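Next come two complexes, and both contain chain A; in the first it sits with chain B, in the second with chain C.
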Partner chain A sequence: MKYVTKKILGLIITLLIVSMLTFFAFELIPGDPARSILGTDGTSEQVQALREEMGLNRPLPQRYGEWVLDFLHGDMGNSYYYQKSVQDLIGDRIPITVTMTLLSFSMILLLSVAVSIFSVRYANRLFDRIFLIVDQVTMSVPPFFIGIIFTAVFGLAFHWFTPGGYVSYEKDMGGFIGYLILPSLAIALPRAAMAAKLLRSSLLDEMQKDYVRTAYSRGNGPWRVLLRHVLGNGILPVVTFLGMTAADIIANSIVVEQVFGIPGVGRMLISSISKRDYPVVEAIIVLIAVVTLVLNTLVDVLYKKLDKRIELI
Partner chain B sequence: MKYKGRSYNFTLGLGITVFMVALILLGFLWTPYDPDAMQGSLKLNAPSLLHLFGTDQFGRDILSRVLVGAGSTLVIAVGTIVIGGAIGVILGAVCGYFGGWLDEGVMRICDALAAFPSVLLALVIISIAGSGKYKVMAALGIAFIPSFARIVRGEFMRLRESDFVISARLVGVSTPRILFVHILPNILPSLLSSLAIGFNNAALAEAGLSYLGIGVQPPDASLGRMLSESQTYLASGVWCAIFPGIFLVLLVLGVGLLGEGILDRFGGGR
Partner chain C sequence: MLNVEHLSIHFEERGKREDAVKNVSFQLADGEILGIVGESGSGKTMTALTIAGLKKPYAVIDGGSVWLDGMDLLKLDDAQMRSVQGAQIGMIFQEPMSALNPTMKIGKQLEEVLILHTKLSKEERRNKVFAAMEDVELRNPGELYDKYPHELSGGMRQRAMLAAAIVCRPKLLIADEPTTALDVQTQDGILELLKKLNQKYGMSILFISHNLRVVEKLCGRVLVMKSGEVVEEGSVEGIFGNPQTEYTKELIAAIPTACGKNEGDKSTVDEAGMEKDMWEPRKVLEVRNLNAYYREGRARRQILQDVSFALYEGEIVGLVGESGSGKTTLCKCVLGLLKDYEGEVIHHTKRPQMIFQDPYGSLNPRKTIGWILEEPLKVQGGFTKEERKRKAEEMLERVHLPKEFYKRYPRELSGGQRQRVSIATALMTGTKFILADEPLSALDVTVQAQMIALLKELQEKEKICYLFVSHDLDVVHMLCDRVLRVEKKQVTV
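After this line comes the complex of A and B, so read on.
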């Protein structure tokens, strides 16, 4: 219990630092937000009035405090460009990115476990050797290039899907998930390759231990030993890696959304960066950082729960 | 960590890396064609003996463009690990060796920075400072500081109470000398392998950012931008996508293998 409390305290401190860094970083941007909303037509009186209205004339620490409080209440500020609140802008995009992240994560988990189990079962045989080569190459391919290859092969050659033909989840849930499968797989493959490599070496380490011999001597077959005895222990070191995977998936989804024309949070982020729509950029970035941090803390706590051998203070 | 059989990672990685880097360096001096010369009669020509990688939608030679684009990637990736590595090593060394409140503070900030996926942090910096080759380099360099600092800190903490450090201290060696002449060489294998990982992450991040149009800006050629432009012509000129992509993959593969090979061969107390 003490461990969990300590972790949560650490999380809160880190979140505070993240929010400060982001807030003050965006304060450094040259230029006046009021001026950029009004454009060059605005008179200096109008700019002054808008500054007063937006609260820009108040001291910085006070504005930081208000920004954090508003954020906690779900008010993420207003877009300069769309004249709408940020939560309205990204509200219906969040489910898209979340679905993609979840799909990718399940694929990483399934693929890495399945492949590494086979490769350990047949260690140093043909399957394992081929796996090692394919795995190393897959690790080196950027997800957006995999996405382009998928588009060329499955979209243009096999006509399995229409590139850019995104289906909204409000219209057709099945079609929506169907369209997201290839993008999610593109994000998942390199990461799954890394996880599989880690898992393979961790499983091979476990196979050398005494309890494995005991398990065999009690008449268990090789598959049963692997699945029932070794996998549970061998997967532990990989849990931390899988936790960090969340951040990686989200970062890559920013690019892959662009490849497949998916209107997710990442696309909003990129278009806001090019439009210099800072409140949107700021809000999305803080949101991603919060999600990542919370997930990482959850993984640490989960790891502790899974492995009774670790006794941290 | 090792299983039967010898590891060929180092040899293979070194081979691929040297080959790719040599090709890219050659590209700085000489390319088969002018990478920016457009030729209307050669639009989207398939690979041939004259144009080994084919030509793009403007009739430009893809091989020449790939060489020059990979050059940007190489410069940015090397710059990133030099910036991130230098600052990260100093921070990590000082924090790991001295510990205390300084360590606590710096590591908290590193944790906070590490919460951002490094591409995202680079995006923040780029959205504030603007895009372009050197800004991307600086942005990625800053984004990579925490990862290097953490690794170096761990190693320094491990070694600070070891016999050779204590003896050096007793003899009266100055602290900077202990840090960088006595301890640093001992952590080279793990430092080098993390630099290799950093190089790859930087190369992939640069390609991703340029793909999004916020990395390297024209007229500088870049693999990411070539890939993004190629998508429009996927049906009629798939080679526009394949070659820049494969070039990037080979570079990353080579450096990745090299990094692992260094650990296999010279060991790094994992």
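After this line comes the complex of A and C, so read on.
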């Protein structure tokens, strides 16, 4: 299991670098937090006093160190705008975004595998041809637009759900998941289309390999050959791609949360940026990095598990 | 037991029609081993795949029937055929690495056949798998069960393939070139095993090969195929002792023999040449006290230990050894591709050129033959366009290819013609030293014989020195003046 340890170590180092870059970047952005809290009415003495109080006058490395340590203890600092701690502000929003990310991720996996298997089974037949066209179209539509279409069709025309009628997970877990399905699907569809296309050509390549002929020679039927033999080998190149989609899902969730009126981390991020509420923005960026990197590491480990030819060193 | 009657198959691709098998009939009795020989494109593999129900959709059956124990296999539907495949017909293929699923455990691949064809319990299946592994003389079945194909050697993989093919005790085993990809020692092991299984279980074997030496060792009866037709049929003794058709004679003449009459002639010529010693043979390569290493993660493994030898102008030296013995490492050192060595590698001529096993892969498919031939001259510089073209055309003649090939592309050439182009390209640099890595393995026997003639001609006329890497000992004995054997980090002459 040395490989896993190595991966986790790499993950920690990457996170430190990301946090450092985030912290210093916000120092470089013009604009003084103390000034923006006090507004144009504040005198320069008042600004100075507030800077002193917020600890903004201390040396930068010291402030970074304290920020990281506090962060590890679960103290993400205080919002400039809301006069509340950051963890209180985003704490109950994190489960929403994480649920949506995981839902999207599983949808990408399930959809791409299912569709591409059918498409390869009936390669160059009608199903496959239709799939290729639909796939190309789906791939090129951005998630927020799919979200808008979903709202119009399923919300306004069919009344399957109430647009903006978000259900809190604390009140009704079923309703919560139900409300998240369409937004997650909106995020998943373009990526699933890409994954399906990749998987289809990878599976078709595998079908030409000698071991497929061997499998048939033992009396396997076409479905068994596909599921038992070809899928395990053909999915390998796609797994790497899935790892890279993690960041993409989170990026898209920010926009889609706006479209569906979901009070997730993404919405908080946008409003905090416009209010120059740096502690909140910093915390969210670091959290997004954590989720992305953890998903990526999981996929890497999974890849090694799937590909028996690579030994876990 | 197996009765093939008037089988005809043609390929149909993009409207083009090509006959693959023409009116082929033969019988295979219980417990018999029948060999089918012929070069590639003779229809032997197509016939075998059709019997096993594995032909590709573009191969269309025009007529005929394949009777297996009174059942016409060509009339079965897919589901009925699947119940025959694996249970009554077992099949093994040429390349055991690619024929096994790389991400499935060996044990699971064997067990699969039992899952498909029997209703045995898990434990019974496991016992049967172990028994089959013992049948093919694989030691430690318990350990092998959980291994993946890449963890096995070539011979073990082929044994595992065979185990899966026989685990349901089929009446018929079809073996399509099962020994071609293996080195000679391993080949013999597989052949003996096939014989043993044939005797033990009375299993009939249909053995397809282009290697007549192997067929002679194993089979009782032989079928010779050419361009989709059976040209000759008879007992092994009859075919080899008294061939009736020109084609069969040609095939037999092309078998590289270690102790044939060619050999006798050659050695006397060589001895005479050496004794005369009219010219001091010039060294083209000297290797002194070579220690070569290979990095595997952090470990530095020694591959070659204190290797010294020299090669002289105009000699053909074979380099043999089992896979993994360090043949390739030695070549890399000679070519300067591997830097991690101690000792000296001295070239007394221009840098050696290399020709490879697969002449298609090593020629740029988007360039004309002329362009490929001229490239070394362009790199050297100092030639006008006309001079380059003239030299390229001369070179084509030297390797006995028509001048018109100057404008052709690699894909328009046959395997043998492409290998000639590879040799020509190597010679274009003006080198006298060619390193040939299995240059004949991908070619048919008859083409092989032509290539051997060409290599010898160039050796005699132009004093070219070859270092000839091969695992085919017969070819090495026929072609080479001396043999370097790589074994246990050492090279012996």
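A few remarks follow.
One rule holds in what follows: the second predicted complex is superposed on the first by the 299 of 313 C-alpha atoms of A that agree within 3 Å, B and C clash if a C-alpha of one lies under 4 Å from a C-alpha of the other, contacts with A are read in each partner's own complex, and residues count from 1 in each chain.
Throughout what follows, contacts are C-beta pairs under 8 Å (C-beta built on N, C-alpha and C of every residue); 3 or more make two chains touch, one makes a residue touch a chain.
None of these values were measured; they are calculated from a predicted model.
By the touch criterion defined above, A:Thr214 lies against chain C but remains apart from chain B after alignment on the C-alpha atoms of chain A.
Once chain A of one complex is fitted onto chain A of the other, the partner contacts of A:Arg121 are absent, as it touches neither chain B nor chain C. Once chain A of one complex is fitted onto chain A of the other, the partner contacts of A:His229 are limited to chain C, with no touch recorded for chain B.
In the superposition on chain A, contact of A:Lys7 is made with neither chain B nor chain C.
Contacts of A:Lys304 after superposition: neither chain B nor chain C is touched. Put chain B and chain C next to each other and count what each touches on chain A; the higher total goes to B. By the touch criterion stated above, A:Ala251 is placed in contact with chain B alone, chain C being left untouched. Using the contact criterion defined above for the overlaid structures, shared-chain residue A:Arg63 touches neither chain B nor chain C, since it reaches no partner.
Comparing the two interfaces of chain A, the one with chain B and the one with chain C have no residue in common.
Partner chain C is touched in their complex by these residues of chain A: 209-211, 213-221, 224, 228-229, 232-233, 306-309, 313.
Across the complex, chain B meets chain A through its residues 1, 3-5, 108-109, 111-113, 115-120, 123-124, 126-128, 200, 204, 207-208, 211-214, 227, 230-231, 234-235, 238, 241, 245, 248-250, 252-253, 256-257. Contact residues of chain C toward chain A in the complex are 52-54, 78-79, 82-87, 89-91, 93, 95, 98-104, 112-113, 116-117, 148, 150, 161, 164-165, 297.
Those residues of chain A lying in contact with chain B across their complex are 10, 13-14, 17-18, 21-22, 25-26, 28-29, 123-124, 136-137, 139-142, 144-145, 148-149, 151-152, 156, 163, 201, 204-205, 247-248, 250-252, 254-255, 258-259, 269-270, 273-274, 276, 278, 281, 285, 288-289, 292-293, 296.
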